[in-house]
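One chain, subunit A, appears in both complexes that follow, with subunit B as partner in the first and subunit C in the second.
So, the complex of A and B:
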């Protein structure tokens, strides 16, 4: 069985829950059919299993090294990169005219799932490159595309996004990196960036940094931010790398997890000669970057889901294999011990993981389905729903993926705590996900302070419509009676409180309301994933060719979710409804 | 020259195989199917010979239900040029497969026929040898190296205790062993190109071959589960157990 994902689960999600084949009705995807999707997924799985999975632990144990001049990574990373690039996955989502394969987002997301489960740190290099390439594709001038995009698609160049500075993280409006216009139309940049993933490496010929900086004299705040392409090596008209640009690696940072991905401090323009090329219009840098950021946020959610999934499969296999103890009713020491999965408390930890990770994967695939409906199907409403859900897609898996890994360690006991088993690495890797691409707190502010109310609150209305469709279908199954009833009764307080929070914001109580924004984010995550569990259970019951254990597993996880997870959200809702001010009223000096 | 490669649709090697409750066969419902790994090596070898300029055309043939076309497409995505599907809902035995392939060989007149040495489902290791007899061609089985030189092919064979190199006059039959090559995976552009490559369909009837089997499967059983090990106190006890319990001495 695959160590990366339960194949049957992934196929069920793609084919039954998110009807992958129906995507071929869109003109953009008309060349595809079920068989082609399967072939693409097979290729991804194979590269992930052969070239990513085997060095996951090695890359963790042998962090990239910097000798003051060059960075060295283990050679397996470069081999993995080459295979990924040769497969065509780097540009797969793009149009045929741009050298892409017009692969649906849903299938692309499923392909990425294999890589994230196999080796998230090595997968970061191609994923960052794809994301940076997407921005260049969307906003850069033709000449810039010619110079940088094509080599990124073919795997010669990698990409990064350079936003954060030593003193500026979440609050990007305050960034200070400067850009000065030069006679030849380019710019000279000066400043320092920090936590830049993939900021230097020895894998590709060149690195294309997308840097946010302020052009001299630009206004303060976000409106003064522009985006620049800053290559590690300058590129001549024939596309060959020439001299080294004045962007220097100041040092590597040493992370808790994701150790195979370099995390860098970069100095731009120490010699005053850092060449940068303005992307699009001045002052639009942050909005361009958000194109990449929204995709990256969904990608973070997927990474968190899949590292969680990997831990679940590891601990499941261990629990089936590890004999220890006897049933509570058996006091005979002469009898054989049972596998620990026979103990209900171990099954609790496994079922909980299953609920988190399969729910999270479903959530990420939903986001991809919405991208397809919006971009290829022209469905504006799907785009609005995606906007609303993006903070949830980033945050639910990031919050519950590490919890799943925590449970996986607990299932393995002592074995879970030692590096000879893979689950402690999963935990360390996954701990990054609530931090990068907008912290958990930032996502909460984005959801409660902005996303819910965009398009006059239409996103929430669309979500509720979809939930209603699921409820209508699920009600028909007697097996789901209790689960549906629990969800339905929990839905009302969610709606009432959400409306009240909106009114509170309108009445000017921004600080009071947003003080609990990350709690609200968690609540919303539980309602959305709870809905997806109902959808999965209901769709599983409608299929007559699924293994009975598979269907029962989905039903039981849905039951668990409504009995144990949703009530937690209801409890939090009560606090929010009462205007709980515990955190707001806590004075800094008391801490 | 033209190379014909025979490929088979089998249960994916990642799948844990289950036996049907009535023990008539293994359970194929809702199970992931794939190209037989030995056949994949055969396709890879043919494609490499084409890339080296030794062969001009690589034709793949598969026998089985319509779903076999998935595996033919896979082979086309790996670099084969054309597919032939011999459609049959009944699973033919090795001899019937060899007879069908023999007809295809007569029609296509390939210089080289490459097959996997066996399929990972039935493990018979018969088809290539039977085809060689029917087509009256020399055979080089269990190949770990294939070198075409003019109208000869040198095949290094993995035999018990070492390697044996034989030289065959073309046209010839080669069956592949696991170490012959490491097959590539299909890139996305090649997966899409494969959809446009020609794939012809025939039936055993049209080829004048009866697929009635002389072999019938009586019962399929799962391998016995491995029981837990025991610690022995000393060598005497070990020898005693090997003699009387395991009965291997």
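So, the complex of A and C:
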């Protein structure tokens, strides 16, 4: 059995729940068929298992070193990068004309799942590079693409996104890095960026930083922000690296997990000679970055889901293998101990994990399916729904993936707490996910303050329509009677309260309403993932060729979700409906 | 302000909530007064701040090394140990006749709180030694006490508890370490123990292991377990260390946190020459160990509470200091950013932490107060209540302390995730607490399967009586009207369901009932800590000399607890009352 994902589950999600093959009806994907998808997925899995998984713990134990001049990573990272680059996955989503594979987002997401489960820290380098390349592809001038995009696709150059500054954090509108126009049409940048993942390394020939900065005289706030390409080495017209640009690694940060990925403080223009190239139009930097950011947010969700999934599989294997204790009804010490999975409390911890991680993976694949429907299928509604769901896709796995890893540790007990077993690293790695690419708090504000009300609330309407389709199908299965009923009865307060929160915002009560935005984010996550559990259970029942245990597992996880998870969302809804002001009313001096 | 605990809070708990001074009415504590307590506490705090806190991060970054022969810890650990030993705290709770200080458990617990907040890994050495010494004091023969107790009290020898074996884990009844009688009245031990904290180190001259083993021919299960003193070095009649005993460090385990404490695999009797001395009577080993274990469990609760508390204070200071973003109603980027504590969502994360950690500390101090009432005051009922509450005192802080640390990381954002700031270490350290000295699952079984029904359920009756006293007092305060009402209305289902669970057990449905024991443990924790919040809020209102902000903080945390925490317990109760069998019914092959 693969250590990365339950193969049967992934196939079920791709083929049955999200109908991968139907994507081949889109012209862009017309060259693909089921077999071709499988072939790409097999390649990804092989590379993940062969070149990413084996050094996951080693890269954690031997984090990148900085001697004041150069960064050194363990050599396995570079080898993994090379295999990844050679596979063509760095540009897999792009068109044939750009040297890409025109791979559907859904299949690409599933490929990424293998890498995230195998080694999220090493996977960060190619994933960040793909994301940066996508921005350049979408917004940069032809000459810029020529200079930077091809070498990023081929793996010669890596990419980063350089937003955060030491004094600014999540409040991007306040960033202060300056860009001064230069005679040759380029700019000179000056400022400092922090927490830049992959900001320096010894893996690639060059690094292409996408830097947000403010051109001299630009207005305050987000409207004054522009995007610049700032390469580590300048590049000549033949695409060769020449002199070192004035970007300096000020230092490495030492993370709790994700240690294999360098986290850097970068100084731009200490010598006054940091060359940057404006991307697209001045003042549009943040909107360009959000193209990348939204993809990155879904990517964070996937990482969280898969680190959670990995922990689930490890703890499941341990629980089936480890004998300890006896059933509550057997007090005879002369009998043999049972495997710990025989204890209901251990099954609780496994079932909870299953509900979190399989639900999270389904959520991320849904997001990818929506990308395909929108971009390749031209379905604008799918794009609107994706916009609405992006904060949830980022946050739900980021919150419950670490919870799953917490339970995985507990299943292993003492073994779970030591580095001799892999689950403690999952726990540490996964803790980054509720922070980077926009914290939970930021996602909550984005969802409740903005996304819900865009397009006149159409996203929510589309979501509810899809939920209704699932309910209609699920109602036909007697095995799902209780599960459907629980979800259905919980749906009404969700809709009512959401509408009321919208009215409250309209009436100018921004502060009161948004005070509980993080709580609303959690509610929404539970409803969306609850819906997906209903969908999975329903589809599993309709599929003839699935193993009975697999179907029962999906049913039981769906039952668990409605009995144990959804009621917490209902409880939260009651608080929000009652206008709970506990946090808003708390004065700083009371703490 | 102290980084270890809010001084005003600790004083409030000791003096107002738990009436420390009233303890001086007991003969054993008659020499003390308020000033003397303060003096002891000041000494503990000074040592914790001066000799424990400064190397907390260093001991984490430079964990103990084993070269195959010797273990090396950083020298600061030994210095800290010496200062602790010189202070007399190792025997502080013991009588004058034994060289102790006859310090009340309540004050001793408060002293320990400083050390746990400052450096839980280094504090483990003296705490384990005290616990082991207590067992020897209670059950060992005079000659054994003479040989081992005095040097443990003075800090020459350290102590450990060696229960767990590699193949046995939590199921102590299955342990296989063997003890063979020897002509001279001693025994020869043979077996392996795992996860033994402090099992080897370079801090003390000698280490006294309390080892559970099975004398040849002993019955299977717990009744066949005896306790042995197994010193690292044998000791002559003058109390001097002589030859090395046949206890070998097989290896160190590498923990996620608590790295400063060695976690060891120990081999006893590889050469067939491991000398052990039977403590007390054969076959009583587990009950002796439980004397130590119950203290250790309360100690684990305290550690979890204080690591949580430390994280709370760090994140609170950060939130007050760090400017970022603006209020939801202010969209003008030209205005200055506010401190992040001005954001309601940050206050949410701080208030939750406050509720968890101050509640947890109160819980641990309550346990200590009960020890004093029982042991020095001769109040048997306090002993019964302590017995009932011990699994809760161990588990509630162990579950919610790490949750608090999770929130502390989130308050700091990116800074929370890097080792350049202290909260990620708190998160790692605290994750041990739901595991060691009996996992959550074990505590749940202990509570629901045993403790509730001992003494014909008297413990619960005593708890409810105390709760009623608090409710009667709290009802008088109009500020607490809502808080009291919420708690009071939640109390009835708690009682009803608990009785029903008892009946279910009596009717032979052990497996069905105990399947949700961990959930019941969480419920009980919320009711007990909810009660303590009511008590704290009520007492704060009655006290004239407290700062208004302090009182408001207690009130608000109590409100938060009843509005946000207690309803989750009520939800769980509904499931238990309905006989939810989700986990029991889940078949291993479905996972």
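Here, the second predicted complex is superposed on the first by the 591 of 591 C-alpha atoms of A that agree within 3 Å, B and C clash if a C-alpha of one lies under 4 Å from a C-alpha of the other, contacts with A are read in each partner's own complex, and residues count from 1 in each chain.
Quick note on the criterion: a residue touches a chain if its C-beta (ideal position, glycine included) is under 8 Å from a C-beta of that chain, and two chains touch if they have at least 3 such contacts.
All values derive from a computational prediction rather than experimental measurement.
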Which partner reaches more residues of subunit A (counting touched residues only), subunit B or subunit C: C
Pick one for A:587: touches subunit B only (first), subunit C only (second), both, or neither. second
By the touch definition at the top of the document, which applies to A:369: first (subunit B), second (subunit C), both, or neither? neither
Between subunit B and subunit C, whom does A:510 touch in the aligned arrangement: first, second, both, or neither? second
Thinking of the overlay built on chain A, is A:546 touched by subunit B (first), by subunit C (second), by both, or by neither? first
Answer with first, second, both or neither: which of subunit B and subunit C does A:43 touch in the superposed model? first
Partner chain in contact with A:320 - subunit B first, subunit C second, else both or neither: second
Touching subunit A in the complex: which residues of subunit C? 164, 167-171, 173-174, 194-195, 219-222, 253-257, 263, 316, 320, 322-329, 333-334, 337, 339, 341-348, 350-351, 354, 402, 406, 409-410, 413-414, 416-420, 424, 427-428, 431-432, 434-436, 439-441, 444-445, 449, 510-511, 514-518, 549, 552-553, 556, 559-560, 563-564, 567-568, 571, 575, 580, 582-591
In their shared complex, subunit B is touched by residues of subunit A numbered 1-2, 7-8, 11, 31, 33, 35-36, 38-40, 42-43, 46-47, 86-89, 92, 101, 103, 336, 545-547
List the residues on subunit B that touch subunit A in their complex, please. 14-16, 29-30, 32, 34, 69-70, 73-74, 77, 185-189, 191-192, 194-195, 228
